[in-house]
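Before I ask anything, here is the structure I am working with.
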Amino acid sequence: MCGIFGVSGIENAAQLTYLGLYALQHRGQESAGIVSVSDGIAYQHRGMGLVEDVVDPESLARLPGSVSVGHTRYSTAGSSEVANAQPAMVNYHSGPLSLAHNGNLTNSHTLRKDLEKEGSIFQSSSDSEVIVHLIARSDARDPDDQIVDALERIEGAYSLIITVGNTLYAIVDPRGFRPLVLGKLGDGIVVGSETCALDIVGAEPFRELQPGEWVKIEDGKLTEMPRLARKPAQRCVFELVYFSRPDSVIFGQSVERVRRELGRQLAIEHPAVGADCVFSVPDSSNAMALGFAAESGITPEHGLIRNHYVGRTFIDPGQSNRVNKVKIKFNPVRHVVEGKKVVVIDDSLVRGTTSQALIKMIRQAGAAEIHLRIASPPITGSCYYGIDTPDKELLIGAQKTVPEIEEHLAVDSLGYLSLDGMLKAAGNDPSHYCHACFSGDYPIPCEEEAKEQAAQTAARRTITV
Amino acid sequence: MCGIFGVSGIENAAQLTYLGLYALQHRGQESAGIVSVSDGIAYQHRGMGLVEDVVDPESLARLPGSVSVGHTRYSTAGSSEVANAQPAMVNYHSGPLSLAHNGNLTNSHTLRKDLEKEGSIFQSSSDSEVIVHLIARSDARDPDDQIVDALERIEGAYSLIITVGNTLYAIVDPRGFRPLVLGKLGDGIVVGSETCALDIVGAEPFRELQPGEWVKIEDGKLTEMPRLARKPAQRCVFELVYFSRPDSVIFGQSVERVRRELGRQLAIEHPAVGADCVFSVPDSSNAMALGFAAESGITPEHGLIRNHYVGRTFIDPGQSNRVNKVKIKFNPVRHVVEGKKVVVIDDSLVRGTTSQALIKMIRQAGAAEIHLRIASPPITGSCYYGIDTPDKELLIGAQKTVPEIEEHLAVDSLGYLSLDGMLKAAGNDPSHYCHACFSGDYPIPCEEEAKEQAAQTAARRTITV
Amino acid sequence: MCGIFGVSGIENAAQLTYLGLYALQHRGQESAGIVSVSDGIAYQHRGMGLVEDVVDPESLARLPGSVSVGHTRYSTAGSSEVANAQPAMVNYHSGPLSLAHNGNLTNSHTLRKDLEKEGSIFQSSSDSEVIVHLIARSDARDPDDQIVDALERIEGAYSLIITVGNTLYAIVDPRGFRPLVLGKLGDGIVVGSETCALDIVGAEPFRELQPGEWVKIEDGKLTEMPRLARKPAQRCVFELVYFSRPDSVIFGQSVERVRRELGRQLAIEHPAVGADCVFSVPDSSNAMALGFAAESGITPEHGLIRNHYVGRTFIDPGQSNRVNKVKIKFNPVRHVVEGKKVVVIDDSLVRGTTSQALIKMIRQAGAAEIHLRIASPPITGSCYYGIDTPDKELLIGAQKTVPEIEEHLAVDSLGYLSLDGMLKAAGNDPSHYCHACFSGDYPIPCEEEAKEQAAQTAARRTITV
Amino acid sequence: MCGIFGVSGIENAAQLTYLGLYALQHRGQESAGIVSVSDGIAYQHRGMGLVEDVVDPESLARLPGSVSVGHTRYSTAGSSEVANAQPAMVNYHSGPLSLAHNGNLTNSHTLRKDLEKEGSIFQSSSDSEVIVHLIARSDARDPDDQIVDALERIEGAYSLIITVGNTLYAIVDPRGFRPLVLGKLGDGIVVGSETCALDIVGAEPFRELQPGEWVKIEDGKLTEMPRLARKPAQRCVFELVYFSRPDSVIFGQSVERVRRELGRQLAIEHPAVGADCVFSVPDSSNAMALGFAAESGITPEHGLIRNHYVGRTFIDPGQSNRVNKVKIKFNPVRHVVEGKKVVVIDDSLVRGTTSQALIKMIRQAGAAEIHLRIASPPITGSCYYGIDTPDKELLIGAQKTVPEIEEHLAVDSLGYLSLDGMLKAAGNDPSHYCHACFSGDYPIPCEEEAKEQAAQTAARRTITV
């Protein structure tokens, strides 16, 4: 997954991008980068790690200009190396071009093969570099048309921010998998993956790009571009369930409100009658726990405390059997759980390994009964549209039945929210959501190569260390 | 404030200390350090910054042995420099000695002058170095007696972990300002400022040191030492209100339970009849908000979201007037507050600057009414016992009346919890708490020099850059 | 200027490359990089600074395989940024390709324009990236032919080491401006700019590539490739005068022997009758001073001592008028020069600024007379073939006559070696040398753009910070 | 060994100290440090590594004032850790005190034991900390007298620079083992181990401290202090043979001149009749080779080239048997040595390991005969006065006879300079030199503990990592 951010028409644009990336850090912690443009010259800074590790005052000072693009990345295609950090930046016949991509292309393997045949050279194993080549290879003279040429050839999920010279483009694919929101700040315009990134710089959100919409922004002035070929909307429901920040509004929905409603639906579908208290696995499930409590009448509590200072902790292998790694991040509150029948709310179950460790800790702290409630359906398949779900064999919801999971996690009961319940809570027309990872309804087929080899194939040939 | 941690009788003790410091990181972020002892040789590693910045696998590998002491520091006396980072480590006639101190001495200025007159040299400006000199200067031959000699001369707040050779001592001053808890792990013993630090390493808390108690631990075996001269207990109530982690049990109380009770008392004293929802300033006031909600029947919500990735953010001075610094850390949830009468719960009001910015943000997000409730009384004086409260002139509670603060913060109403209400929630005998910063009842007078010059005087003469 | 190094058919090739780059550090200190190839996968590590700053054991450990290419760079075209650090590494239809280039193309500007028109995108402002694109764009299926296609289009100076998959190519342009030497090590082959780089890894030099020669090396087996179109040889005489290390043998000549002979010729052309002693500006002129002494009978001495610890020294601007920057690097030996008529030998005069400071220092140390002897002719023009001479306006030999320079430098006499004298000392057929910077006889015209804008134009559009 | 430097009465004194340490870097590469004093406040910065690694513009900017002391260290007593880096800096009753020490105390073990008994605590394992304690423990009120009290108790080799408040002291022990030179710069005074450190800052050397002399400098004004108790001078002859820089003048002698004379004496004692050429192991023996050549009439050459870029080179253990470590630093010039009878000059033979590798390399480059000439006598014992010679068992001159060494090194002949020859070349009264490491005549007995345990005992108890 990735977070993208752009600025047009505001001095020291890179400073705003830096703040915007801070607010989007939850969307990707592997690498970060900023491009700025001043007088038609593009400047780039990127590196591995968190925004605070990559960007410092010195690097910001070397990123002048009133146009800027930023990116935080958690790899979905392409290996973990600085060559894959975005924004990408190149020179081509129409000037310097930079590109930040959130999503995943489903036909990048074929396109890459074709481009290589025509003599293109690739610096990275990222699918995003394909888009850059397609733009540069277009016969069109105008960047607008070059971009259309490229977009007509790519398939899959993409929210893009592109600069060509001083012009900035914000683009959402025809199905609209990933969010992209526009905000106004003084005479300029700010674009970001979520509204929380507009909030941090004080920009006023004024429009969300709908599926297939794209705009051109020159010096803070917005031009509407002709909509891309219409396809059925496929907003990613997992953005609401887990990925986005609760203070954001995306797909027209308050994430916090949706999550509270998910908790409420969960309480309706899987009440835990007679329980003493309900609490979340902080922080992503906090709103769901409050919703569950409100609907069920069970007392809300804080039964697990999260240590927010946890960073790059390392554990001596010689100690690792003694130390519970999950304990470094979470600790139960004994007085809350001891002797109690507790309801634990989590947003989703992926591998189940963290949950297993948490349940064990809660049990050791003295809980009498543990009822696990998951505010989304079982995850049964990988995502090909930009979220890094593990392979099917590693997904507990794909491998085990509910009774098996109850046993595996050692909970007294387990309840998953239904697909309908989730979509109901998500607001909007249910048909406008992609829920492939839960339902198996994949709206776009994905090349086998892209599936299996996405990262591997491409990455296999060159690695920057 | 500081966090201290010790281990005796467990191989690779430094690795456990490292984890313990992670759990105590909230008690001090300025510097961190670990000493280990192996075969009578002491090894030290310390530096400025967070535990994760200071300690790495290489430095841990160079800290062998089954005895270890660790420290995280937020300076209260002594300037911000590595020479003041603890644990202190020196050689003296009885071998290598290390010391980690949480608290603040009230007579260190006089003691230091005396020691200098006798020919002592000082490396740091920290009050803790005075204790080291007093031990080394003792005429006693046995370290136990040397330590008694030193403790008889110092006044103030001190929870100490000391090693002399392979022996570890855990000490709490006669008034017991700061917590210190013992845990059992296999054949060894672990000591830490809070139980959360025992939990992270899997140790079982079995005893909290009472005021004036101290123990000697040799290879995991505990010996009771004769109690220090008895004085009235003065447990720091602010540890429960704000400082300690909610998952800890200190002074015999669950911090989470005390905080929930503080919220409940607050709702009794200052109900906010007719409000639509109540939420906390996360995360220190979370439990208080749930307590307030439970007592008042007002719906609990999450109205403010905290960005947990925020680290060393820097803002270009040229942008600083445009960017609200508090916004980098907190963002309101518009759908929760818009058009609503909201109750905002905070644990305490110090300067009031953050609160002012938060209230403004909540107002801009559309709140109809804002009722601020503080789960402790007005802070009217500095702490001389280890908490870094600012000078009286900067304390809003010392400078303004409630109506003036309401106006200053632009809230519709403000309610502070009463002293009695706070002590009631805190459990224990109310006379056993120090509440000097709220009530002005200072249990020990502090030297004028120590007050005004604590940091300055000492630091003035040498500075390590 | 740059140093290049390659290995084929030897395990842990990157470790050898690392050592080879150490021996070639004098050819470029701006950036360093290593590519290795293992099982058809290429790995890259590069960065700004010296080899010892860029490469560490961790990065070496991530460069597996028995094929490797390395590069140290001092920019001649392209700005100072990591995107321009070599070896370049890309993927194209025939696999991963890496390239290390020593030299400078004279028609890169036109080629780049053409390539951009055809849709190529550029990551760097280096002229070397043009070669990569030309190879990838070739219609040929075989890498051998693709490389021929590229070489037929480029003009100028190039010694190249290229890998395509596991195959390594070593190439010298038809005029042979820059050296490239092959050595045998066990079952493998090593290639380097100078023999000193073969010596450091214990390889036996067995062949120097002649102008227009190129070879293909697969797993340590060498295949002769058809010679490039013949052109008159233009070996760079400045490699012998200044650039190469004295322990190297290049162009069939021992650099140490040539330099001693340059000193001898200088003594014949410009004796300094009656002088008390002769000494060099260490270390590049050491051999010349011994040659001068041997021929003239004047006593050789060490009159200037060079501080070899000098690195990134910085001087406080407030002190800069007081501190002689040259003094940080050189110091005269008072007892050697005091009251003496001294002959100072230098290899060449570029701007004259360092010489002026040195002469002043020697004078202050008490020299009675200073006779400056330069072991090459006046430099009157820039080099377009890979050496970073400054603009003509800054070249003292282009701007001033000998008497003017004597006055400017405040020397008692100045003698430059003649062009004929230099070529005589250089050995080989004089017509096989390029001496354009001394004589103005440029063997290849250089595009105006390449001249003026080489660095600027390209670099103007994107900058990686 | 160590280099020390001090400044009084010059603004931005730390900047000058930084340059002075650059010039003294050859005297110690393990750690570096600078103290400055401004308005009675002392500031310290120190770290492990070279001056260029430890000091940067930011740290210099935090070292204000017109008084400064600097130190570069290669440990002789005390382990390699930052706690031992100098200058030491402490607070005591008379204010902030800093101390930089070159030399080694012979009675530090006893003094340390005594001080510990009296209650002193030690931060480092360095013998220099003893001096600080002795000053602080003095009953005298005036720093002058406190220092006298301390000096009366210490034995051994010490050149010291001390500051107490704004006052700077420069001190040389009664035997004068180590040099210390005073220079004038504007209205201020500069002190350094060698004149080359005065030269770099543009100071005019005006006086060398004689054995037992010490001076007090306040704001650039010098006061003569009463000479210490007279003892026979014992200037370290190894300073002239190897340690000091050739451009320095110490003990009244030009180091370059002495070394040239050593070479001349060597040619007289051990001519190499019939040899084709003579060359040095660069750079410390350069002058000796010229002296040998001049006396013998044998042609001087450069047969070995030293790579001056060599820094922290690391070699993969898997390659280490293949790579000759000495080759990274030195390379023979094949055309100079091939088929020749060569004379190789080195300043001294310690372990003989480097020489063995060099001789092998020269032989492999084709030398017909190799005659090794050493410009000093065999080293037969350790130095207890500040030079880090290895244990006797490791000294080749103490373990083998000349014929055995010839065989061990595989040279055709070996000649050592005689003790008398060395002292004759050294100038001055021969009885004023310490030559204990060559002759076994130790002028001061050294405590057994200090000998064996110097580093170990002290270091054993605490280690800072």
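For clarity, chains are labelled A, B, C and D in written order, and residue numbers in each chain start from 1.
As a working rule, a contact is a pair of C-beta atoms (placed from the backbone, for glycine too) under 8 Å apart; a residue touches a chain by one contact, two chains touch by 3 or more.
If you're wondering where the values come from, they're calculated on a predicted model, not measured in any experiment.
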Task: If a chain touches subunit B and subunit C alike, it appears here - done: A, D
Task: Most widely separated chain from subunit B, with each centre as the mean of CA atoms - done: C
Task: Approximate Å spacing (C-alpha centroids) for the pair subunit A, subunit B - done: 36
- [ ] Round to the nearest whole Å and give the separation of the Cα centres of subunit A and subunit C.
- [x] 49
- [ ] Using mean C-alpha positions as chain centres, tell me how far subunit A is from subunit D in Å, no decimals.
- [x] 60
Open item on the list: How do the chains pair up in terms of touching? List each pair.
Closed with: A-B, A-C, B-D, C-D
TODO: Can you check the complex and tell me which residues of subunit A touch subunit B?
DONE: 11-12, 15-16, 19, 22-23, 25-26, 29, 50-52, 56-57, 60, 196, 199-202, 245-247, 249, 254, 256-257, 283, 286-287, 290, 293-294, 299-302, 305, 307-316, 318-319, 322-324, 327-328, 331-336
Task: Residue ranges of subunit A in contact with subunit C within the complex - done: 40-45, 59, 62-63, 83, 89-93, 95-97, 116-117, 119-123, 125, 132-133, 136-138, 458, 460-465
